[in-house]
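You will see chain A twice below: alongside chain B first, and alongside chain C after that.
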Partner chain A sequence: MLTAILVLAGIGLVLGAVLGWAADYYKVEEDPVVEKIDAILPQTQCGQCGYPGCRPYAEAIAKGEADINRCPPGGEDGIQRLAELLGVEAKPLGEGLEPKLKSVAVIDESTCIGCTLCIQACPVDAIVGASKQLHTIVADQCTGCELCLAPCPVDCIAMEVIPARLDNWKWRYPVIRLKQAA
Partner chain B sequence: MTTLHIEVVYPLRDEQHVVHLEMPEGATVKEAVERSGLLARHPEIDLGGANKTGIWNKLAKLDAVLRDRDRVEIYRPLLADPKEVRRQRAAEGKAMKKGGGDLAAE
Partner chain C sequence: MRKLHTFNGGIHPPEHKAESNAAPIASLPLLPRYVVPLSQHMGHPAAACVQPGDRVLRGQVIGLPEGRISTAVHAPTSGIVSAVEMRTLAHPSGLPGLCVVIESDGDDQACPTPPLDWHGLPQADVLEAVRHLGIAGLGGAVFPSAVKLDKGKAGHIPTLILNGSECEPWITCDDRLMRERADEVIQGAAIMRHLLGAETVLVGIEDNKPEALAAMTAAARGAGFPVEILAVPTLYPSGGAKQLTQLLTGLQTPTGLLSTDIGIQVFNVGTAASLYRALVLGQPLISRVVTITGHVARPGNFEVRLGTPIQALIEAAGGALPGASGQIVGGPLMGFELEDEQSPVAKSVNCIIVKHPALFPPAPPTLPCIRCGQCALACPAELQPFELYWYAKAKAFDKTERYNLFDCIECGCCSYVCPSHIPLVDFYRFAKSEIRARDKDSQAAQIARERHEFRQFRLEREKREKAEKLAQKAAGKPASGAAAADDPEAARKKAILQAAMERAAKAKEGVQPQNTDNLAPAVEQEIQAIEARRQGTDASTPPPEGDKSPVSTP
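Up next is the complex of A and B:
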């Protein structure tokens, strides 16, 4: 009887010590939830959620400060995936935010005056150009955040919807329409 | 001897050409553009003439020395005349947006 208690207590102590050491030794530096949320967000850095970029928004969600339905570029499937990750109910996009088709900005070359204001606004350095030189947007790098539209003094930037082609088409994440609870 | 990771871009409206290069230390803008092969594919590029070059949205001379992760850009000249645009806007009586004033001063 006494030996059994001692053996079990000993096993408990040893395993406890191992777990305690492992928790300290394999400590994860950053909150892994922030990483996971950030991976779901579309990385447009557009700021439509009210935060300066995707990562700050992810941190706010992780802290519980922000709702999951503030990201228009992520769309409904983005919200759905966030809801799944965090184990909360999915909800429609927040008010004042409109879902949009994926698009990129294009500069009208006959009106661009080379003022560099759009370049300073671009969060991903997708615009090539310098002072008094024609500006061009590298379509592959443009995230469609629309931040360059407002600063242009001659209104020469427009959004063009990306047409679905074989090389960029992908399955949409399955979205189950939400029903109002009775 | 460290290698420099250089990107050379020649953007056109419908197709933006991006070439990734590895250059030895001390390489210049001119060398990067020549190595990129863009000159052969686009004979319309008039290096040092109509087409100016730059690094990361700032004009740079052809003999400017590159640093790691520089983006060498080949620009095209403006099609619109900024002064003419401004004159038209003034005639229409539209208020200038932010930045318009800087252009007028130039």
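Up next is the complex of A and C:
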């Protein structure tokens, strides 16, 4: 009887020590879920979710503070993938948020006064220019976040929807006829 | 004789080869205008190197290769460039692409291109020449041949396979080419063999082309190196690169690897002929053989200059017969509907089929999948098409990838055998392009993330630097004093400054600030009395009580 208790207590102690050591030795510095969520988010850094960038939003989702349907640029596909990752039900895009076509910002160069306000607003440094010099947007790096629109004092920035081109064209979802047409 | 192997599934659709394979390859009269697309090959489009108004000669480079996977584009005839603009292309999207429009001057004057000593020159020079002669795979995928001919780190690729199967119904351009230009094909194979360092050269031709087999066998006898001409059983898609490889060698290309990884490179017979013409005859790729068949007056094969409007090709075949209902570019199983008849013939266009409802009846209504498994039996890539269909339909793209969607060669066997008439391949194409777009988006997101993080870091650094600067400015005096210690001139100045400051401090001490000017003598006396009292209390030890409460001071 006593032996059994001692043996079991011994095993418990040894395993406990191993677990304690492992918890310390294999400690994960950062919350891996945040990384995974951040990898799904589109990195537009637009703040439409109400957080100052994609990573803060990812952190908020990981903490359970934010819903998964607050990201319009991620779209339905993004919500679907977040739902799969977190094991929750996918839901439609949150209230007050609307999905938009992918666009890039374009500066009307005849109106630009070179105030640099948009440069300061751009979250990905996709605008080049200097004080009292014409600004321009590097279209390849523009995420279409629209953060440069509001600060412009002369309203010379407009969003242009990216048109279908040979290099970004996609096959459509097949529409199949289920009934013989009359 | 080499033992042939088999691949899974396959289908036997009606061949429809006899319509167009009887007449020899004809040529088209010179047209007044050619519209040459700059994106005729897989990879990066060529960059236009001519401007409107430039005079060009036949075979002159009008588009330079850009990037690793790219190839040059040449003028099909001599004339004046009238525009470099967007024109509708023969592409499933029907979208426009950048084209060079050439108004021909009727002279058809050639740009002299010297033949290349491919045997003597270093490998890299020959590959660069192939790249600048515009050679791309003419079987349909139009992959730049210079990239495929680079044996790279492997050192050598032991097996070269020439694909003359031409398994898709209606198409006969390779059949005619092999019958009429077998020597050119074999000469091209010699160049390929040399560049790849191949020991074995195999040519696979479906046994429904006995004339082509005979012509190629005859040409192979005089090749000067061993070439095996092999008749493969007529079974679609024996002309798929992976299927032909499996038929001839029994080897399968593993998922995610290239055929070169198992020591095999596959080229179309037309590509071999065009390589010979380019390197030995000095003729860049400006034309190709195209089959025009279906509901036209005189179906046949034509040597068509690239940039010829498809409309002109149909007219050369006697025009579409009444009742025609559109055109297919490519074959009936893998091709696509042409949106605009004015679209030009490009390197990828091997066949134009003019449709008629009797030849191509509209697809019957689609029924739900009954899980019969016919598609899996027919699939030459040994996939599970019905599973792929469900997942693609549900947009579960991760699942489709897990079921090896990217091994699908889009041959259309599954759709052909499906008793429910489900356009299965359309779903796979949709899923593939969605996955590619998603990968592209996630790459862009990765760049955006890095740029955003760097910006955060930069702002943080700027803030810190500003704060440091301010702190340094605030601590500026002691800092400059320490620096002056070892400079005698500065030390002297500092001493003077110090002395002046001390003098000023002494003078300040001496003067008691009194905001009491022009006072009445009585008030002045009172002040003096108070001052005297204050001096007195300062001098003597203050009484303990008085220190605490000034009120008690007498």
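Quick note on the criterion: the second predicted complex is superposed on the first by the 143 of 182 C-alpha atoms of A that agree within 3 Å, B and C clash if a C-alpha of one lies under 4 Å from a C-alpha of the other, contacts with A are read in each partner's own complex, and residues count from 1 in each chain.
Everything that follows uses one rule, which is that a residue touches a chain if its C-beta (ideal position, glycine included) is under 8 Å from a C-beta of that chain, and two chains touch if they have at least 3 such contacts.
These figures come from a predicted structure and were not determined experimentally.
Contacts of A:56 after superposition: neither chain B nor chain C is touched. Contacts of A:99 after superposition on the shared chain: neither chain B nor chain C is touched.
In the superposition on chain A, contact of A:47 is made with neither chain B nor chain C. Contacts of A:134 after superposition: chain B is touched, whereas chain C is not reached.
Comparing the two interfaces of chain A, the one with chain B and the one with chain C have residues 125 in common. For chain C in complex with chain A, the touching residues are 39, 89, 91-93, 95, 97, 363-367, 395, 422-423, 426-427, 429-430, 432-434, 437-438, 440-442, 444-449, 451-452, 454-455, 458.
Against chain A, the residues of chain B that register as touching in their complex are 9, 11-13, 16, 18, 52, 54, 56-59, 71, 73, 75-80, 82, 85, 96-100, 102-103. By the touch criterion given at the top, residues 38-39, 41-45, 53-54, 77, 80, 123-126, 141, 143, 164-166, 168-174, 176-180 of chain A touch chain C in their complex. Chain A contributes residues 106-107, 109-117, 119, 125, 127-134, 136-140, 151-154 to its touches with chain B in the complex.
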